[in-house]
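Have a look at these structures, which come just after this line.
Across the two complexes that follow, subunit A remains constant while its partner is subunit B and subsequently subunit C.
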Partner chain A sequence: MAMAALRREGRRLAPLISPQSITAVRSSLISQEQAPLGLRSISTQIVRNRMKSVKNIQKITKAMKMVAASKLRAIQVRAENSRGLWQPFTALLGDTPSVDVKKNVIVTISSDKGLCGGINSTSVKTSKALKKLTAGPDKETKYVVLGEKAKAQLIRDSKKDIELSITELQKNPLNYTQVSVLADDILKNVEYDALRIVFNKFQSVVSFLPTVATVLSPEAVEKEAEFGGKLGELDSYEIEGGETKSEVLQNLGEFQFSCVLFNAVLENACSEQGARMSAMDSSSRNAGDMLDRLTLTYNRTRQASITTELIEIISGASALEG
Partner chain B sequence: MFRQASRLLAQTLRAGMRPFSSDLPAAPTSDSAFNESWKKVIPNIEPPKTPSHFLRPRPATPTSIPSKITVNFVLPYASELSAKEVDMVIIPATTGQMGVLPGHVPAIAELKPGILSVHEGNDVTKYFLSSGFAFIHANSVADIIAVEAVQIDHIDPSLAQKGLAEFTQKLSSATTDLEKAEAQIGVEVHSALNSALSG
Partner chain C sequence: MASNAAAPFWRSAGMTYITYSNICANLVRNCLKEPYKTEALTREKVHFSVSKWTEGKPEKPTIRSDTPED
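Right after this comes the complex of A and B.
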């Protein structure tokens, strides 16, 4: 059996071994590595391709993170400035998320673009949970969806409950005029007793809290005023301007909705950029880890192939000598 | 490292706010009834936060009339005045200019385009605002929410005159109701602007 092995070795090395054996061996080593015939060089090629694609992914996600960071800086300033807008309304009318009304409308705010972590899923989960919470006999709950992502998720099981869906909100930079026109649209086309706006409030770059803000219709305000609390004190306020108290209260309700919606849209946009930043950051970090692992594999494979070559040649040469 | 720490401490103390968010109150209150009913129906998910959780605490109603009135003047893109103590504010309500002194009865006023003047001691700051709302609470806190506001000295009088002429012309040549309404609004705002600048 040893003789057969040696004969095999001899046959393999026979065309290579010539009077100028050393140079021939060297050239054969080089030609063997480049030629795609041996199994060893194919596996390094495969690993090299994977490394190239993972490096590209790392570069792209790093760039996306930088872009998201710069967009976040710009919009965070505006979101923080708009935070004073909803405080007076809550101070006057109080916060009544557990109000019990017949017609609920849930306004879900989400992003149009993806790759932003889990914020859109949390918004949709919260909206669905709110729908379950406010369900009951002769009560109806409808959705108004802002943003592609929530629309895609909600259309799957609540298609008939979606009254209005608005996309491409951030095509032009967000401003109050655009949002107030949108609010006007919603108020005109949707019947409601209570509007619940679901969005992600921007707490910090790594923390976004799902929040629900409630805006009541004037009739609901009157009904709740009977129960006392903040709304009960509404009667002690003198109403200036307008012909009737109900007209002023209606204007107040509409103004409140547009202000709260403006702040909610800005906060959600902030949260989207922050979530995208952290998602892209972890993605580029994962790509870096994967690249390290692949580099190790590549080096191991390369060294193993070189070692195998050396072993073959040396054993062949020693077989010929001895 | 100690220098950094002391700088950070000074910064936090100076601003009086937490480093990350700008409106977490000292003791967050949330609607417990809402949280309870949420936990009963949806036990797996955390209940969402509500605006009352983030509301900055307001001063309680004092027994005697305070000497100064606290004004919060907010716009959609900025808080012009936030918890500023002043002597008097004059707001342009739809029923006319209304002066608000400390101890004013609680009121909700709808505003028309006009001048808001803030009097503190001897200085008067005048802003021209488009419409909005003003709430005066029992604890001598006045919240004024306007859609747009500019300081009077930033307005160009010639442009205001031109605008008025343009909109009066549009009003006379308006055909549909919508155009008439828009032109009417333009005329109102510009005439208020002109009277603000002259008066």
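Right after this comes the complex of A and C.
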């Protein structure tokens, strides 16, 4: 009964002390020392509500972490297996990030959903840096954007350079057919000399490296072949089927793009799940810390109010006696 | 860089090598026997939404999908 009275008091006094102390509760949660002297401290109701919501958030983020961990396990195997698709291409045609061509198309891969840490921002940053690197007189660079998050970030300052934007990629589990249809769409709609695919390569659960994979168009391969190196040795290979070299190069180029894109999409999905796992993990840890601090505040408030009540009762009793 | 040999039939029909290999893969998957066949065909589902941009504005997105929209 006394506690109920105190709570009423607290509520009545709360508007009086509201501007400073309630914001103090929100910001530092150690409000007693900062409340003006002589006023009763914040009622325990507010702190209790905060504790309840923080505990719910902790449960939710912990669940999200588990979900991300299980998805990661499933997709990691596929990503590592898909690396074998493009390795023969790199052995044959080489990966030449420093190639100098007129038309660059940057394919940025990102996720549709958020709460996955910083991987989408690093992809976008890498794309923008790549655009600056490949810019120059007579050269143009365009973007093809996969995923909502990169689209949102690139819209802000590179609206005119976006050629295609693709979303809803992960509605069904990722498979090669889907990515190859996508690659086909890109090839049909975009003119390019070199395609640069920007994605986050999955090294381990805590490390994701932004990488750029370069795929050249058949004409660009012909030009580079004149400079020697890996591409110059193409003539020493025997081609079965009696097709001309340019025919084979065109087929190879398209297939290479499709394989590299498939691997890139899988690796990015892995990185997304890994980043989400670590983001949700740190979030639940922070929620736990916040909960500890709130519990201390709550106990202190409760004990202070009990003490105040006791003091009043005792001083009232002693006033009556004497 | 015109090729002197005649282009294969699918190239002159407008398909890329990717489309050609996908059709071949689909034919191979359809040759499987029953439980494996449905598993393999679920690996072929396509769904994404693409929108072409002109002058900094996206056009209406077209959804390319095997599954019908509900």
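Heads up, the rule we're going with is that the second predicted complex is superposed on the first by the 278 of 322 C-alpha atoms of A that agree within 3 Å, B and C clash if a C-alpha of one lies under 4 Å from a C-alpha of the other, contacts with A are read in each partner's own complex, and residues count from 1 in each chain.
Methods note: contacts are C-beta pairs under 8 Å (C-beta built on N, C-alpha and C of every residue); 3 or more make two chains touch, one makes a residue touch a chain.
From a predicted model like this one, the values you see are computed outputs, not experimental measurements.
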Quiz item: So, does A:156 touch the first partner subunit B, the second partner subunit C, both, or neither?
Solution: neither
Practice problem: Would you sort A:251 into first (subunit B), second (subunit C), both or neither based on which partner it touches? | Solution: both
Exercise. Could you say whether A:86 touches subunit B, subunit C, both of them, or neither, answering first, second, both or neither?
Key: first
Quiz prompt | More subunit A residues in contact - subunit B or subunit C | solution = B
Quiz item: After lining up the shared chain so the two structures overlap, which partner does A:172 touch, if you call subunit B first and subunit C second: first, second, both or neither?
Solution: second
Quiz item: Is A:218 contacted by the first partner subunit B, the second partner subunit C, both or neither?
Solution: second
Quiz item: Overlap of the subunit B and subunit C footprints on subunit A, residue-wise?
Solution: 175-176, 180, 242, 251, 255
Quiz prompt | Parts of subunit A lying in touch with subunit C, wherever the complex brings them together | solution = 159-160, 162-169, 171-172, 175-178, 180-185, 187-189, 218-219, 222, 242-244, 246-247, 250-251, 254-255, 258
Exercise. In the complex, go through subunit C and note every residue touching subunit A.
Key: 1, 3-5, 7-8, 11, 16-19, 21-22, 25, 43-53, 55-58, 61, 63-64, 67
Quiz item: If you look only at subunit A, which of its residues touch subunit B in the complex?
Solution: 78, 80-92, 94-98, 125-126, 129-130, 132-133, 175-176, 180, 198, 201-204, 207, 209-214, 233, 236-242, 248, 251-252, 255, 259-260, 262
Self-check item: Contact set on subunit B toward subunit A in their complex
Solution: 20-23, 31, 33-34, 37-38, 41-42, 45-46, 48-56, 58, 72, 74-79, 82, 93-95, 98, 105-112, 132-133, 135, 137-138, 141, 143, 145, 147
